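Next come two complexes built around subunit A: one with subunit B, the other with subunit C.
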Partner chain A sequence: MLGFILKRLGLALLVALTVSFISFSLLYLSGDPATAIAGESANAQDVQAIRELYGFDRPMLVQYFDWLWNALRFDFGQSYYFKLPVADLIADRLGVTMRLGLAAISFALIVAIPLGVVAAMRPNSLIDKLALFLSVAGQAMPSFWFALVLISVFSIKLGLVPASGSTSWRHFILPTVVLGYYAMPAIMRLTRAGMLEVLSSDYIRTARAKGASEGRVMFRHALRNAIIPVVSLAAVQMGFMLGGSIVVESIFALHGAGFLAWESISRNDLPTVQALILVFSMFYIVFTLLADIVNAWLDPRMRAA
Partner chain B sequence: MQPQATWVQTCALILGCTATPALADKASDTLNVAFTKELENVDSYFNSSREGVVMQRAIWDGLIWADPQTGEYKGNLATEWSWIDDDTLELKLREGVKFHDGSDFTADDVVYTVNFVADPANGAVTQRNVNWMKSAEKVDDYTVRINTNGPFPAALEFLSGPVSIYPSDYYEKVGPQGMGLNPVGTGPYRVTSVDPGKHFTLEINPDYHDSPKGKPSIGKVDIRTIPEVNTQIAELFNGGMDMIWQVPSDQTERITKMDRFTVANESTMRVGYLAMDAAGRSGDTPFAKLEVRQAVNHAIDRDALVDNLLKGKSKVIWTACYPSQFGCDQNVPTYPYDPAKAKELLAKAGYPDGFTTDLYGYRDQQYAEAIASQLSQVGITVNLKMLQYSALRDLNMKGEVPFAFQTWGSFSVNDASAMVSQFFKGGELDDARDEQVIQDLGVADTSTDPEKRKEFYAKALTRVAEEAYWAPMFSYNTNYVFTKDLAYTPTADEVLRFTSMTWN
Partner chain C sequence: MNLSQQLPTAEQILQPSPAAILRKRIFGHSGFMIGVAVLAVIVLMAIFAPLLSKYDPYTQDLVNRMVPPSFMGGESDHLLGTDQLGRDYLARLLYGARVSLFIGLFAALISGVIGTAMGVAAGYFGGRVDAVVTFLINVRLAMPVVLVALAVVAILGGSLTVVATVLGLLLWDRYAVVMRASTLQVARREYVAAAQVIGTSTPRILFSEILPNVMNNLIVVATLEMAHAILLEAALSFLGLGVQPPTPSWGLMIAEGKDMMLFESWLVMIPGIILFVLVLAINLMGDGLRDITSPAGRN
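Let's look at the complex of A and B:
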């Protein structure tokens, strides 16, 4: 098991390095950060001065290794835009994103897994069709639109929850539903498909023949096997939610890390973008690693892989 | 209200999960305002955004104050001033003014602030706001001299705009970063909290001096950044916001019909124009020919753009400056909409079937598309290339842009030098490279005689229009939407002035 984890970890680090290098090159190519920092009023001299001050006149590889060397010592530099240490900035914004991501994935799992199980128990029944409808709707609906509908109903019409901000748990209700709903369909359908496959297998028949209760068959025997791909999927979804909740964070004015990333890209704020990309890729890596471990625990056959 | 909604609300009340009644409004004497953009640093020398100017006007004071309606200069932290010679301005300071931290305002504060921001090594972001100042020196406790880098007649405009005075001891101790997190000034409002980029709260300064800005009347101002305009509107509807601004015109049209809010509109100094590479910096281009540039000018239906797209109080613009700016003479040749004449001019220039070119832009794609379609009517086919602002500016400086839809806001500086001299004085952004214009602007920018300045700006602007170096098109406008409890008249400089807002 330890060898398995170490191997995965080594691979993960290589992935993180590659991601950071590619993102650095892309940003480097996308426009001169000096012009962006100098602002609308600057002339060529100002831009040149800034270029030299920040070291943008050095070769790209030198700049990259400089950044990497500092990053290894947890020094992510200063944000060009906020003029604050990037580490502080991200620490300040990450909390909101983590809370939202965890709440959303929990919401998605709590709703989608039972729904998937129920749908698999009675294929083609009304409840199965309802679940299918929910999942199609969830995938088809753009999240900004869904968010605005929820705001207009629950915040403006009914006045039940605030429309924007992040100061209390009530501020997270709508964003959680919107973001979670987006992740739900895939989890639900994977659970349903997995359950259908497992339920028709021999050992389930054996379990039923033994006289095991339907609940025990479903949750002890079937779900444990059906859920393996769901775990992997949920890990990817989780990574996506931590990095990709830009739209939701922006609509609900949550000022999380996703929104910060988006804003920083449009402002050419290289140190912030680089650090965020590193953080986000770390999330993916940690979550897929966790998923691998959970799966290895669920299914001993995978430990050999 | 529908009975069903009431029922849900009652249930919600029992469950204890209703939204706390928003503490907006008159009753709590708190004005809730939304910003769209995250303000990078409250220290006004270290941000370049409009939100920053709004904060600056509330927290700090300048030496001079310009009436936003008339442009007339009045003393603020200084009471009188005079030019001792072409590059020395002597100012008498107001006595008895205190900073929010209780320290006294004296000549030392002016000297420290000016010397700090004027030194390029300290990295003030908007260099052009400060780089005209060389240094400041103290004559006595309430008299200072500001030395300029050469004659600079627009000095008063800058001293009443972007240059505000910071407390010397405090600024020396905390620097721009500390000032941004915990600002201290002499202004009508003092800052009670800063959550960088996200949330700012202000409170009335009860000891505010007898400033021409007037006495503030609203007790507290609570500013939150909400990037999405639809969410801002939702907050306005449910009482979480009292005022939002920069609202798109299609949204305000619907809000106006509801009759629940006041919708105010004012033109801004931002001018939209087409820039053409007359000097041929980008290589062999049709725009080197006068007839082609005139044809472009005749091809644009400015009235249609203003009436259908920009709306509000936007104006048609014919000059390379905004009409209210000092020296922005309006008696220049104009090019009324005339597609037939445009085609004729193109034929004369050797393009009877028109031509194809790239049109660069960085904002308002729908305007760029409308302009492109008007140009295609006369045979000019454009490939629209929308870039990030910094990427386009980069190409501009290298002289690689033949044709661009650009805008310029002059930083709300009410002087023609903030626009025409930025683009026609032979710098790296000058695509005309017209010796005569460069010379005229040189005189206009440095003369201390206002009449002479007017004369030479008029000469330069006339030449720019005659040669059709640009096709100036329209001014932008801003929509302000606020509750009927609030009274406010917006100004053309696009700055929210909390000090001039009152509850009805």
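Let's look at the complex of A and C:
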């Protein structure tokens, strides 16, 4: 088990390092970053001054290791736009995004797991087909459009919840629904497939044969085993959600890290964008690492992989 | 000699041919048929856009701004009304289909080439090649797609080709995963071993033994990734960092109509519904293909 964890940890570190290099290289995609910061009205001297100030005159690899070394100490430099340390900006906004992500994944699990179980109990029944249709439709609905429809119905027509802002828990209701809705199809399908497989196994027949009630068979025996792959899927989805929060947060003006990302990209604030890509990637890497370890702990067969 | 041993029995003669079985599976799959039909209609709309609307999608008519669609009581010959600048909404919708379909096809093609090459190589050669490809897939999955795509498009500028290329360079992960798994299965078959034994060259084995046998899965992934790319382009354009105005992109049309949503909700509803219908049709077709080509059926 320890060997598995160490191996998995080493891989995660290598992935993190590669991602950090890619997000750092973004800065150079635009050509000369000094010219970009200086703006159109700057003359050659200004550009040179900025180049020296930010250290762009050094070799790229030196700059990368310098940036990485600082990033390891949570120093991502200064935001071009806000003129504040990027780390403080992100720390300020991350709480909102984490809350939104947790709320959304909980919402998705609470709806999708029972739906998957019910669909698996009666395959090809009306409720199974309905669940399948919802999952196919869910994957096809553009999230930003779904958000606008919810706003126009629940905020504008009915006036039940606020349309934008992040001051109270009521501001989180619609964003949670929109973000959570996108994780549901995958969770529902996996729960259904897992339950179908488990329900045809011998120990379920034994449980039924000894006279266990149907509810007990479903939830004590079957779901326990069917839920294992859902754990790692939920972790992956959580990572995707933090990345996807950029769309949802900018529609609902929810001042989280996703909104910050959108602002920074619009304002060409590259240090903030680089840091955010790195932070979002780290969350994904940590979540999947934890999920793998939990899985290996639950199911020893996984440790060989 | 016993004739009954040589002649096929009545049951054998009456058994449907493989082609007939396939036909039955295709035409018997209602989801697939609906998806293909809807997609065909949208493709025809995109191709024949100039014939279907007498208006130009770029021509502004500031006197006739935000005329409601004729079915909502708009008294003009603008079937779906006009937008904030008086441009015919039907024309923009039709030309917008070209944008979405172009992005979908182009991105699915680029990512398909990258992902298939990586997946097939990993599955066939195994060992170090497999380790490197698996690592690259992990790296790609760790990067937030929307964020990276937005940042890169913002830096390079939002032309149609840039958006399609950036999405193509980002969306190869599912191809690689599926192609790797399918190749692993196929590479163990006897005909591959036979080809190796008689000295067939490796490129030839890859192209004429492996690739045709993983093609079914490849097509399924390609349809799903096409839908994925179309949705992402719409989201990018909606956020103002994808395809730039005045190009008629459906995501952009929703963004432009957003501020008027309170009074003229159809400005947002019409492009949203057509986007939803297009992606749904592609997904239905992809899911249907998977059911038809894999005997085990859906999971």
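As a convention for this text, the second predicted complex is superposed on the first by the 280 of 305 C-alpha atoms of A that agree within 3 Å, B and C clash if a C-alpha of one lies under 4 Å from a C-alpha of the other, contacts with A are read in each partner's own complex, and residues count from 1 in each chain.
Following the convention adopted for this analysis, a contact is a pair of C-beta atoms (placed from the backbone, for glycine too) under 8 Å apart; a residue touches a chain by one contact, two chains touch by 3 or more.
These numbers were taken from a predicted model, which means no experiment stands behind them.
Engineer: Thinking of the overlay built on chain A, is A:266 touched by subunit B (first), by subunit C (second), by both, or by neither?
Structural biologist: both
Engineer: Applying the document's definition of touch, where does A:253 land relative to subunit B and subunit C: first, second, both, or neither?
Structural biologist: first
Engineer: Considering only the touch criterion stated at the top, classify A:87 as touching first (subunit B), second (subunit C), both, or neither.
Structural biologist: It touches nothing on subunit B or subunit C.
Engineer: Taking the superposition on A as described, I'd like to know which of subunit B and subunit C A:280 touches: first, second, both or neither.
Structural biologist: second
Engineer: Should A:193 be classified as contacting the first partner (subunit B), the second (subunit C), both, or neither?
Structural biologist: The second partner, subunit C, only.
Engineer: For A:53, using the defined touch cut-off, is the partner it touches subunit B, subunit C, both, or neither? Pick first, second, both or neither.
Structural biologist: Only subunit B is touched by A:53; subunit C is not.
Engineer: Looking at A:148, would you say it contacts subunit B, subunit C, both, or neither? Reply first, second, both or neither.
Structural biologist: The answer is both, since A:148 touches subunit B and subunit C.
Engineer: Tell me which partner A:156 touches in the superposition: subunit B (first), subunit C (second), both or neither.
Structural biologist: Both partners, subunit B and subunit C.
Engineer: From the superposed pair, tell me which subunit A residues show up as contacts to subunit B and also as contacts to subunit C.
Structural biologist: The overlap between the subunit B and subunit C interfaces on subunit A comprises residues 30, 148, 151-152, 156, 250, 266, 268.
Engineer: Using the touch definition from the top, list the residues of subunit A that touch subunit B in their complex.
Structural biologist: For subunit A paired with subunit B, touching residues are 30-33, 35-44, 46-47, 49, 53, 81-84, 89, 92, 148, 151-152, 155-165, 170, 250-253, 255, 259, 263, 266, 268.
Engineer: Hey, which residues of subunit C end up touching subunit A in the complex?
Structural biologist: Residue positions touching the partner: 135, 138-139, 141-148, 150-152, 154-156, 227, 231, 234-235, 238-241, 251, 254, 258, 261-262, 265, 268-269, 272, 275-276, 279-280, 283-284, 287, 299.
Engineer: Could you pull out which subunit B residues touch subunit A in their complex?
Structural biologist: 5, 8-9, 12, 17-19, 38, 40-41, 46, 48, 120, 123, 125-129, 176-177, 180, 196-198, 224-228, 230-231, 234-235, 237-238, 240, 387-391, 393-394, 397, 408-409, 411, 427-429
Engineer: Could you pull out which subunit A residues touch subunit C in their complex?
Structural biologist: Residue list for subunit A touching subunit C: 11, 14-16, 18-19, 22-23, 26, 29-30, 136-137, 139-145, 148-149, 151-152, 156, 189, 193, 236, 239-240, 242-244, 246-247, 250, 261-262, 265-266, 268, 273, 276-277, 280-281, 284-285, 288.
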